[in-house]
Each structure stands twice: as C-alpha cells, then as structure tokens.
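Take a look at these structures.
First subunit A sits with subunit B, and in the next complex the same chain sits with subunit C.
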Partner chain A sequence: MDEGLAGYGELVRRAWRTGKFLVKGPGRPTSLLKAAGTLGLQPRPRAGRGAPGRGGEKVPEARRSVRGEMEEIVKRESAEALGSLAVHQEGTMKLAPFVKFREEKFGAVLFETRSEKVFTLNKTGAAVVRAILAGAGEADLVARLRERCEDKTGKLEAEALSFLKQLKKKGLVTE
Partner chain B sequence: MLTKTRVEESLERIRAGMEARSRRIAGRVGEQLAAYVSRPGKMLRSRFALHLGAGLGVELSKAETVARAMEFGHNASLLHDDCVDEAGLRRGLPTPNAVYGPSVALLLGDIAFTQALEEVLDLHPRAVERMVCTTREMAIGELQEEFLRGSADVSLEAYLGIVSRKTGALFEWGAAVLSDLSPLEHAQADPPKLGQAVGIVLQVVDDIHDFTLEGDISGKERAKDAAMGRLTLPGVYAVADPASRAPFLAIWGAAGKEPGAADRLAELVERSGALAKARAKCRAIVRSIQALARRLPVQAEARELSSFLDVMLKREF
Partner chain C sequence: MRIDSFRAPLAVAWQLTRRCDLACVHCLTESGPHCCGPEELSKEDCLRIARECVACGIPYVILTGGEPALSPHFLDLAETLGRGGVWLKVETNGQRFGPAAAERLAKLPIRSVQVSIDGAAQGPYARLRPGADLQAALDACRTVRRLGMPLEVTFVPTAFNLGEAKAVIDLAVDLGAFRFNTGRLIRMGRADRRWEGLSPSQDEYQILYSILLRKEAELAGRMELCFRPFSAEEQALQEACEPSGTLVVLPDGKVLAAALSDQVCADLRHESLTEAWAAYRRVRRDPGSKKNGFAAGRKPAVARSGDGAR
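The block that comes next holds the complex of A and B.
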C-alpha cells in the first residue's frame, strides 16, 4: 500500500473510532473526501453535463475505452428485444413462448424461463436464431444466412437445417 | 370484470399499501425522506399489472402486490436515474438529489428496491429470484445507455435492446410473476414477452414526449435526453436518414448548452419525419402486443388490456 492509501486508511479508521468525520487541515476544517485528496487520493472529477464526446469535447481515455467495448456489447445483445417485438406472420418461425435469446462472445444462449433450461449455441447456431428472429422462414433461412456468413466448408445449409430440426424437436422454435 | 371503477379502487389500495410501508420507514428516516420512496406517479405499471393479472385470471389482491412491487422498483430506478441525470424535477416536484444531494437520493433508491423485494417475499417462490435478475438487467441497461451517451452510432436494434433491459425488464418481471400465479392455461400468450414489449412501447412514448411535451406537462425538463447526449428513437431515425443526419447532429451537440436548441431539435425531428417513424414503430409494437393479448385466457379482460395500450399510445401527459 502506498503512503497515500495508508494515510487514508488510518484517517478512515480514526474517523470511524472517534465519530469525527471532519479533519482539521492547515486552515478551516475540511471534509474527509477533501482530506483524502491531500493524502494522494484525488476525488474523481465531476463529469460535466451533456454528452461526453459531442461537439469536439474531450472524452477521458478510460471512458472512451469502455465506450468502445460497450458499443460492441450493445450491438451483440441487440437481438434481445426482437424476440418480444416480432409480429408473427404466416410461413415464418418464432421462438417458442417463454424462450429468451441472448448473444454472447462465444455464440449465444437460449433460456427456457419456466423450466430454467439453458442451451448454449456456437456462432452458427446464434446466426440461425438471429435469422429466425428477423423473420426468416424455413424456405429462406439458408439464403439469409449466406448474406451474413461465409460458407467456407460448403456445409452451411446442411448444418443450419439440422440445427433448426433440433431447435424444433426441443420445442425452442415454433412455426 | 375489472371495470374502470374497480381499477381505481385497486389503485387506491396499491397507494395505501405503499403509504403503509412508507410509514414504517418514516419511523427510521423521517417522513419527508420516506415519502420519496413510496410516492407514485401515473401508476402505469400498476394499471398494466392489474389488467394483465385479470387477463390471466390471477386473484386481484395478488395482482395488486405485483403492482406495488413494480411501483417500488420503478421508484428506485427513478431515484437513481435522477442522480445520474442530475435532474432537478420529477413529476413536477424537486428531486431529492436536488434538495438533499445525490448520496441521499441513491440511498433512498436502495431502500425503494428493498421495499419491492419485501412486497413479494411471500407471493411466489420465484418472485424474488426473478426480481434479482430484473434489477441486474435494469442496471446493465442503464450502464449501457450511460456509456453510449454522446454516441451517434446506435442502431434501431441496439436502442431497442437497451430499452428492453432498462425499462422492459420490470414489465417482463411483473408479467412473468403473474404468469406464475395464473391458474389458467396461457402459454401461447407468452406473458413475459408481452410485458417486455409493453415496457418498450411505454419507453418509446416517453422518448417522443421528451421532444414534444413542455416541462410543465411532463414534469421534467424538455429534451432532457438530448441534453444528456442520449440518442433515443426519434434521434435514431433522424441520424439514419441522410437528409436529416447532419442538421440533427449539429443541433443535438448543442442541446443542453445553447438556449433554444431543445426547441429547434423538436422542430427538426417533427419536420424530418423522424417523430412520425417513431410513432409508427410504437403502433407496430402495440399490434404485436395485442396479438399476444388475444391469446390470454380471460378474453374480456384482455380487451381491457388492449384498450389500456391504445390509451398509452395516444397519451400526451
């Protein structure tokens, strides 16, 4: 622990013991938080109002790196609302009632909320479910997948249709 | 049948129940602070819970308990949101963060969450577990939104995903618990999905109101979302349209800083057709909800739920 942190720890313990949460500084009494600043712990600067990054404002580095990651996460999780908003039409498929879908880094999960069964999917499986949520029918499922995924092995059609069969068999997807 | 009078009677009981909890807290934190925890607003969540509960054949007193928990959960999230937004007004009254500071408001929000949990401790074995997951999803949605502040790179799907978590999750919770409590077969109505969609549509309506309503009607500052750098649905549509993208972003960047920017932004989203697209999206979502509602076991009550949604869509308050 560096000197500042050790001093801060002592300050907290003393305040806790004595009940005095004001610290005598060189001048007038100051708050514990302000005193921590003098011991090497600077309080986090207060974020300005308005949107960080707009109008050429400087976005702090830490915030910028999290924002980049967050944009990726939000993009990945964007199919989540589709399951509840899709208007079902003739010839299309949908997730069965009480089944939720969330894309993850490794692919996706399907969660049956009543039985609490969780099914993990790889990226191809995730792409199949996403296409279903976007309104694909069995007839155009493969064509839709080809728009989004490369078929390097030439097995996309067979794998996708086999996976769809499993989804239906387990009652996770319905017509 | 859950008539208008019976709904109002139920709402009165829900309010009374919240006040009773408030009185218990008041003994520990004082009446003024306790009032923030239990003060209800328009009670849209309660109305939703009452109508859906009736459509599922759930005992009225149990639906009222679900409603109370939703109101407490909602209050908790508002108390925290107002700290995040540094909001001075809520429901036309000064926020506790403005009056007492954010640390007090955050702690009041924590108390409100515990009240939501206490409400449902004995309601159903899975109610608390579901509420824990819901609280997590709401907080994650808020965090995602917080870190996308100022970003114009928000797609329609991404926006709806965030809204499904930060607002939809609590409605989904209420609907899932009512589904657990229902004595009737109703799987095809899929209440959790129905609830999540209702939450999304109410949030989108709020987003539209952020541009269209004056502060004295909505009870909060106009174009608050834009001032905070949040791209909500009308903005998502405006940015996606090449004709309105540049002028929108220019005014959006000034919102909250330049006087008159909020009015100019509201005018632009109206003129560009972005508001019309957002309203059309709302109508489409309501149609999908009504399709699910038609599968509820008590059809007369399901029609009341549909009417409630129509009113929510048209409301200007």
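The block that comes next holds the complex of A and C.
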C-alpha cells in the first residue's frame, strides 16, 4: 500500500479514536482531506484551476485511484466514527455488537461476525444504516432520509420503516 | 451472495504459522513443533497485510495456525487489526494461551477465542493430542471468559474420542462457551495418513449426529451447536455454489481460492490484498449472482486450522 495512504489511514483512525476531525498544522486547522496533501497525497486539482506550468495536465491515473481509495476510507470511517462517537440517547439506535457495516458501490454490506452472516443492502438500505450510525432515532429516521434521498414513489417512509423492522428482527440494530 | 461486486473480501482466515507445540494425530495442516519454515511471512509482511486488511475495510479476520500464539508476530498483528476496527477470532489449542497474551487480546474487538477440546478427560484428549494437557486448555477457556471474551469450543470426532462428544458439549456449557463446533473428520494431512484407524464409522457418525440434534434442542438459547454442513464435501459444495468471500491466507502468504482447496490464487508476498481479492473473484466468479436487495447470505468459510473437523 502507498506509504502516504497508510499514513493517512493512521490519521483517520486517530481522529476516529479521539473524535478530533481537524488537523492542527502550522496555520489554521485543516480538514483530513486537505491534510492528505501533507502526507504525500496531493489533492486532485479542480478542473480549470491548474497551477502555472501544470495547467491542463491530466491527473495521473494512479493518483486518482489513490484519491478514490482514500475518499472511500474517509467515507467509511466517518460513518463508523459517527456511530461510535454518538452519545447514546433515549430513542436512538445503534448497530448491534459484532456487526460491521461496509459501503459498497451497490449499497453496503452488514456483517454479523458472531453468526458469520452477511447481509447485502441496496442503496436505500445503506442510507438507512448510515442514518442510524449518525444517531437517528426511529422517530426522525424518515426525516433524515428525506434530507438525502428523493422519494419519487412516495414509499420511502413505509419501506424505510419496514427495513428497520427487519434490521431489528435480525438483531442487527438495537435501541 | 454477490461477492463479485464486493470491493474487498468479507473475511480473511489467516494461518499465521505451521508451528505448533502439539503434533495432533488428526491435524490436517500437519503442524508441529518443527514446522516453522523460513518461507513463513516476515513480521514486516504480516503487518503490511494487516494494515491492508484495515484499509480495505475487511470486517473479520480469523487468526489460526498451527498454533497462532506461537507466531512471534501474533499479538502485534492482532493489535494492528483490532485497533483498526477488525473483529478477530483466534483459534488456539489453549496450551500456551496465558493471561498476559489474553489480557492484551481482551482490549481488542475479539469476536471469539476458539479452543480445541477433544475430550472431557485427559486420557482421550491426549490420545489425539499427544503431550497436551487438558487442564491447560480448560484454564485457557476460563481465562478467556474471565476477561470477558466470547468462547467457542471445537471438538474433532475420531474413532478414539467419539464417546466424549456429549461430555465435551456439557463441559463447553460449563465453561461458558457460546458455541460448540464439530463435524465429520476431514481427510487431509495427518488425518489422511491415519484414516483407517482414525475415521469413525457411518454408524458412529449417526450416533454423534443424533446426540448433536438432541443437545441442540436441549441447549437452545444457552449455547449454539454448529455442525452444519456436517461434512467437508457438503461444505465444498456450498462454497462452490455460493463463494463465501473469505480469503484463506497461508503462512507463506499464498492465498487459497477456497478453504478446503489447494488451489492458490494469489501470493501476498508479491501482491496486494486488493490484487488477491481480484484473483479470488476471477477464480470463484459466479455469473448467477443474486439480485441486489436485503438478502441473508450464508456463512463465510470457516477457517481451516489444524483441527480437522467439519
């Protein structure tokens, strides 16, 4: 694995443990994504904003790939961090012990390590679990989902609550 | 299960070493005290792979052997994985699973520690595990529970110890195990070489199976009995129909395409875990993958340590 990526992973995990998601550098605090640049991973230049001498150069494929992988890590670990850092409040839910959540292109995977059972989730299912990890309770779950997902069919509420019921029935989510 | 669309393995079953303080007569990996070769992965390679497991988001790693506790990198590896949020299962014979190591493990996300107990009395236990001390294995189980880690007990049935099954199940309950694992003896390694004398008869297996069914009903809600699929053949068939997404990593870094196969699909000395995963999928590709949705999958392949039970 790229050394920079390994270092970045360490940084993310440290942030996860400590709950501090800003990195204090010599100047003002910077986000983890910006901090990646200090670890040997240059952020991808925005289109049309290339520096003189580098303008118009294509971002090398390898860098794009590393960047993509890095963003996956941030996305995944941020979701888990939210879940682990959230102070449990009455009415909120959390993943059951021994359950791991992993984002996938098609949605996500829930792995109940105790029974060694794997559950694949589509994108809506993944959004429900993300909301739970972010501290949603049953009462505000649908509202949180509506902030992020379109409800073209008008079935979002019914489907989300039905899915939540299944998650609880399978012991994947607890109050 | 749609393993072809997963970006990383679901689990890694990692045989850390061939070294073992025992040389059990039924060991399917033929591990033993002098089995640690120079080809085994270095600490640097092991830690690199562990970091890759974390970076890839692998949820679950099974550390096995040989005797994993005899690998000089065992605890460092476990800590690298565990601190990265990976759930761990440790499979041990319990002979050297002392409090110091257990206390370090207990600080990690331990899904379970599995201890092999093939007899409820020293005689039948040591007949399969020459030189082993049942008391040491029981002490290991108690240490695991005292430190709050989930305990599994594994029992390998042979012609020598089949009569011990019921007593070992009861012992596992007393020890506070949440699961008891067993299944037919697997014809591999030393078990293969001693097959005629070692393998129980069909009638004996039927008796064992009926005991398992009865105890399963009796212990429902207290301890799970895990014995399906009962044979290696059933397990291989299940794995062929529905690949588990578990990479089996050997002590030298080679990766097997399936738990009970000898087909190597990658080598982690020279390839990354991501490349190994791509190779695994190429080998195991299942064109008839299920439709996306909320579908309960099957269990990933269990680790294949020296204990030849399934």
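Here is the rule we use: the second predicted complex is superposed on the first by the 94 of 175 C-alpha atoms of A that agree within 3 Å, B and C clash if a C-alpha of one lies under 4 Å from a C-alpha of the other, contacts with A are read in each partner's own complex, and residues count from 1 in each chain.
Following the convention adopted for this analysis, a residue touches a chain if its C-beta (ideal position, glycine included) is under 8 Å from a C-beta of that chain, and two chains touch if they have at least 3 such contacts.
What you see is a predicted model; the values in this text were computed from it and never measured.
Asker: Taking the superposition on A as described, I'd like to know which of subunit B and subunit C A:G107 touches: first, second, both or neither.
Answerer: It touches subunit C, and subunit B stays clear.
Asker: Check whether A:N122 is in contact with subunit B, with subunit C, with both or with neither, and answer first, second, both or neither.
Answerer: Touch status of A:N122: second partner only.
Asker: When the two structures are overlaid on chain A, which partner does A:F98 contact: first (subunit B), second (subunit C), both, or neither?
Answerer: Touch status of A:F98: both partners.
Asker: With the two complexes superposed on chain A, say which partner A:A143 touches: subunit B (first), subunit C (second), both, or neither.
Answerer: neither
Asker: Is A:A158 touching anything from subunit B or subunit C once the two structures are fitted on A? First, second, both or neither.
Answerer: After superposing on A, A:A158 lies clear of both subunit B and subunit C.
Asker: Looking at subunit A, which of its residues have contacts with both subunit B and subunit C?
Answerer: Residues 73, 77, 80, 98, 100, 113, which sit in both footprints.
Asker: Can you check the complex and tell me which residues of subunit B touch subunit A?
Answerer: That would be residues 86, 143-144, 147-151, 153-155, 157-158, 160-165, 168, 172, 176, 187-190, 192-194, 196-197, 200, 227-230, 252-257, 284-285, 287-288, 291 of subunit B.
Asker: Subunit B touches which residues of subunit A in the complex?
Answerer: 49-55, 57, 59, 63, 66-67, 70-71, 73-75, 77-88, 97-98, 100, 113
Asker: Flag every residue of subunit A that touches subunit C in the complex, lowest number first.
Answerer: 1, 5-6, 9, 13, 16, 69, 72-73, 76-77, 80, 98, 100, 102-107, 109, 111, 113-122, 125, 163, 166, 170
Asker: Looking at the complex, which residues from subunit C come into contact with subunit A?
Answerer: Touch list, subunit C to subunit A: 1-2, 5-8, 10-11, 48, 51-52, 54-55, 57, 59-60, 83-85, 87, 89, 111-112, 150, 178, 245, 272, 292-300, 302.
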